[in-house]
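Attaching a single structure in structure tokens format; questions to follow.
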Amino acid sequence: MSLNRRVFLTQSTAVAAAAVLPNISVASDTIKLGSILDTSGIFDAYGKPMDLAMRLAVGEINSSGGLLGKEIEIVAYDTQSDMALYSQYGQQLTRQDKVDVVHGGILSASREAIRQTMRKSNTLYFYNVLYEGGVCDRNIFINGVTPAQQVEALVPYALEKSGPKVYILAADYNYGQITTLWIKKFVQENGGETIAADFFPLDVSDFGSTIAKIQAAAPDLVIAPLVGGAHLSFFRQWAASGMKDKIPLASTTVGVGNEHKVLTPEEGNGIMVAYNYSQELDTPANNEFKRKWEDAYGDSRLIHEIAVSHYQGIHTWAEAVRRANSFERDEVIAVLETGLSINGPAGKVTVDPKTHHAILDVHIMEIENQGMTVIETLPQRQPIDTQEVCDLEANPNDNTQYVIDF
Amino acid sequence: MAGSFSRDVIATIGLTVVVIWILPYVISTFTITVLIVYGLLGLSLGLVWGYGGILCFGQAVFFGIGAYTYAISAINIGESTLPMLLSIIVPSLFAALLGAMMFYGRLTDVYLGVITLVVTLIFYRFINSTAGPHYKIGNAQLGGFNGIPGFQTLNIPGQPSSYIWGDGYFYFCAVVLAIVYLGVSILLRSDFGRIIVGIRENETRMSLLGYDVRARKTILFAIGGGIAGLSGALFANWGEIVTPSVFSLGQSAEIILWCIVGGLGTRFGPILGAAGLSYLKFLLGQQSFVDNTLITGLILVFFVLFLPKGIVPTIVNVWDLKFGRLLSDRFQKPRRNRKLRLNG
Amino acid sequence: MDYFFVILIEILYSIASLVLIGAGLAIIFGMMKVINLAHGEFMMLGGYVTITSVNYGINIFLSILIIAPATVGLIGLVVERLVIRNLYSRLVDTMLATWGLSLFFIGVVTMIFGNTTTGISTPIPGFSIGTYQVGGYNIFIIMISAFLLISAYFILKKTRAGLIARGSMQSAEIASALGYSPDRVYMMTFFCGSALTGLAGAVLAPLVGLVPSSGGAYIAKAFITVIAGGPSLVVGLVSSASLFGIVNQLFTFLYSPVVGEVALLVAAVILLRLLPRGITGSFFKDRL
Amino acid sequence: MAESILETFGLTMKFGGVIAAHNINFKLKARELRCLIGPNGAGKSTFFKCITGQQTPTEGEVYLRGMDTSRWMPHQIASLGVGIKTQTPSVMNGLSVSENIWLSARRFHDGPEAKRKTREIIERLALGAIAKDQLGKLSHGERQLIELGLVIVGDPWLVLLDEPAAGLSGEDIERMTTIINEINKTAAIIIIEHDMQFIRSIAKIVTVFHQGAVLLEDRVDKVMSDPTVRNIYLGKRN
């Protein structure tokens, strides 16, 4: 870790030296918001609603007079679910289009592909997606929930509803690995026991032997942070083998991309989840948001967790600009770091000054007839995982994605 | 093998100068850089397939090994010179090993395709499943699906804090491509190169003439692997992150597509194909009217059906028909003497 | 003991699904020496046809067993007439063209259905062996595969169509000597191969979440199974599917699905290195 | 009696269930010219392939100049000084005549010498006018001749010719005969042929293959008048 950091520091000083290019902002009537999302290719189920949410948010701001009297101009690129295009369009946004802020990135790999570019070019960057946590960089603001925020809420509830023996099935990448560590930690703290954890690459779609293995191990609860289309097969095969009514399921991912709407009620009902948002959230703010969405696009069933995070991220930025009365990166960051809050469709969202992550409401929910019914709401949860390793107030030059050691 | 070598050198230098001076007015240098890197990758398969007749479905493996070798060694060493060299050596050794296994096992055609395809898949699967904290080489965490970000990027040899980036990196890549292109030209003009072309034309005959076909194919395969590895390292430096997608079948497939569209059996064709199609992909990303994959697919089918030789050879043919005839009229050959005669 | 049965069923299921995945490709490759790289997309189309027709309220078994194969067969026919026909005996070109088609189909399906995962649930409930629950649909897949293999064997062995098919596999001239234009034989072959592929995609659809790029997961496996099987159609398919199915499942049970997949791939490399002409190129010669 | 440069002992080649060559014992002396005849599928071409290493015999051995080469690779055998012209011309169709010849010359000679040798062969076979032409565009007869050119560049001491006269006109056959006699001054030759006229004009001893085995080996006139041979092979033709 220490060497990593040394490298980063030398790198960033060199970059700072090289990046003293004059950033002359020509007075104009618009300001540019860069958007970089996969709106085609295999991740477009996440990206398309995010794109719609972004346009909705910008539309609202513009129709109420813009920001500081200027209209927001969207500069959007479709990265086609190709990580190489992130680097390319990231450069395009910062060097050629010279945007004032960038919102976007979906997978962690895509964020890491552009994060340094944004940092080097002093372009404020918002990443508004549920992810594995640990990014510590003063130039980025992260608006999605992190594993600890979810797991801290989900595990005690799920353990109480089932029993102490837990079997974990996780997607084999950073998110899955890190989430698994947090699950293990909270299972232990709540008096349970993790009897096994299996990891699956994102394209595994045959879970037959795994289901047999689970039965041999006979857990009381299966927690499944599985990701993507192929992994959805697990829930289907689990139900098909008749296991669904025997061992309860919990997940930190089903529903993020509206997966629960693909599963039939027989397959999905009863899966326990914990997120910041649900379409079934019956609050004035959410009903208002859904109404606006329907007015703009018709079908509000497309709305999902990260589309809402994205929407909230854009409003957070806009609010900070208003309060700073400036588009300058440093002034906007300074305002954000005061612990700025906004009220979004999913409730109050507050910027955590130490980590630049979000303090937000987490709802424990159960999937019911292709919807997510809220069981319990835990207000204003701290991003405790990232807080353990990251303190930007103390180390403003930090530029690392930490992996939390247990 | 038409044209003299000196003409090649002049053309290469001329083209490089055009790319460096004029193209940046049209396309941003950052984008041209990656087009150049892909051009280099296209050239590597263009050499192996177009001149050696080896259809490798897994050229991306060497690209990926190059990129990962660079990233891993750059994190551990903290300076870029040795990692650059390693990213050529390691993939080319691996290619030599794989090539020896295939060619000495007398595998051809379809079976060669299957093996290279399967090796690609193995790497892709393996690298994708290295998210766990125990997958660590020295200080470098392999990172699974998310890849490796934040490694030391290219610096002036011996000065780890003097980075070559931005426009400087663009010039660097352009010059690398020009050098490799000339290197390939020299190789193809050498006896080895001409023998390789003979093997492409008729492997059986060449072995019946006494050439050890297996060894030569292995060497060529290793050279191609090295070039692909170099382009992988350049790609890593450009994107400042490496992810398992460099090993994906899609990546391998794209390289084949570049060669087909640009033209096999030429050096310039695959480079043009790579740069052209990647730029097209980049442009298509700015519209959402038609699905990109669909267009790529149609281009491929169209070329196989109607322009199976690719763009560059077709243009050359048309050129020859138009202007070549004038020349050959002037230097009309004496009428063929069809009589078989035995002198001495 | 119960656990042993569960494992046995999983292994059989694994073999059966490899047979299903490989069957269409094997027929087209065996008879026409065409490697159809759009094979995975034909399966994906079979899946989408099934899901769409089920969503329109058509009986699921009707959709799987009749509608999907027929539709994909027809698509195959069109593809053969428009593209493949022009490329016979150009192995590499057919591979490239069909690969282009695969991208084309992915694009078309994406434009129609989007990239969102879709799926239907399995129509057959699970049952228990001792204390274990097993998917009933897995048994259905095993039965379908067995049925396909047995009928393929008898058709090839006993019927006139089988005779023509076997003749064409030896050389196109034999078919014309029997009084059939190779052109028509090829057309029929491609139709049958595509229909079978569509069936495979349809049968597997209820077990997986389907996206337009799902085909990619199948093509490599199908390719490996068929090539490793070697020249004999039925015996080759069964022997390589068995080998890979067993290797895959054993390693999956012992370690994890990743190790299982990698073990399968490594087994394929070793096999082709030792038997460059596939299993039936060296053993079980002159069988079907 | 001169030493044998080629000997096979019990050479047998099986493909699956089919026996293509069965227990062939064969001897050839230096600078001998031998013809192999026999109906299609008699195992003549398989016999050639076993000598050149294109196929590894299932059983038995091949000795070339006293060395057991049964398990050698084709290029190793070719490097000894064995050349073959295959049944259909096997040449580099995409390359020019001089490139083809050069490729053969380069195998045995270094840079400048290879070039000199290429020019020499082109002149010797009177190919100057078509030296720059692509082989794929030439006639069958021209390609036959060029393939022969490829074979003789390396000054082999054993040359195998699989149907050299097939598809040639009468005039060209005469020339082919001259070339073969020329090669025969320095090398032993085995020729597979069906053209009896041609065989009569060229061969002294003929070996008859039938169903993968050697049926008979004798002087050409004796073979031609042998009733069994006439029955199985010539009978159908005459």
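Per-chain residue numbering starts at 1, and chain names A, B, C and D are given in the order in which the chains are listed.
Going forward, a residue touches a chain if its C-beta (ideal position, glycine included) is under 8 Å from a C-beta of that chain, and two chains touch if they have at least 3 such contacts.
Please read all numbers here as calculations on a predicted model, not as lab measurements.
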Nearest-to-centre chain - CA centroid comparison: B
A-C against B-D, pair bridged by the larger set of C-beta contacts: A-C
Computed distance of Cα centres, subunit D from subunit B, in Å: 41
Where subunit A and subunit B are represented by their mean Cα positions, the distance between them in whole Å: 38
Separation of mean Cα positions, subunit D and subunit C [Å, integer]: 46
Sites on subunit D at which at least two other chains make contact: none
Contacts with two or more other chains, residues of subunit C listed in rising order: 110, 258, 261
Sites on subunit B at which at least two other chains make contact: 125, 129, 291-293
Touching residues (chain side subunit B, partner subunit A) in the complex: 28, 30-31, 34, 75, 78, 125, 128-129, 131-133, 139, 141, 143-147, 149-153, 160-163, 165-166, 235, 238-241, 243, 245, 281-282, 284-286, 288, 291-293
List of subunit D residues in touch with subunit B within their complex: 52, 54, 73-75, 78-79, 83-84, 86, 90-95, 99-100, 102-104, 106-108, 111, 123-126, 128-130, 141-142, 145, 150, 154, 172, 175-176, 178-179, 182
Parts of subunit B lying in touch with subunit C, wherever the complex brings them together: 55, 101, 105-107, 109-111, 113-115, 117-119, 121-122, 125-126, 129, 249, 253, 256, 260, 290-302, 304-305, 308
Residue numbers on subunit C that touch subunit A, as the complex places them: 3, 6-7, 10, 13-14, 17, 110, 114-122, 124-128, 131-138, 206-211, 213-214, 217, 249, 252-253, 256-258, 260-261
Subunit A residues touching subunit C - in the complex, by the definition given at the top: 40-45, 48, 172, 198-201, 203-206, 208-213, 215-216, 228-233, 236-237, 239-243, 246, 257-259, 262-264, 266-267
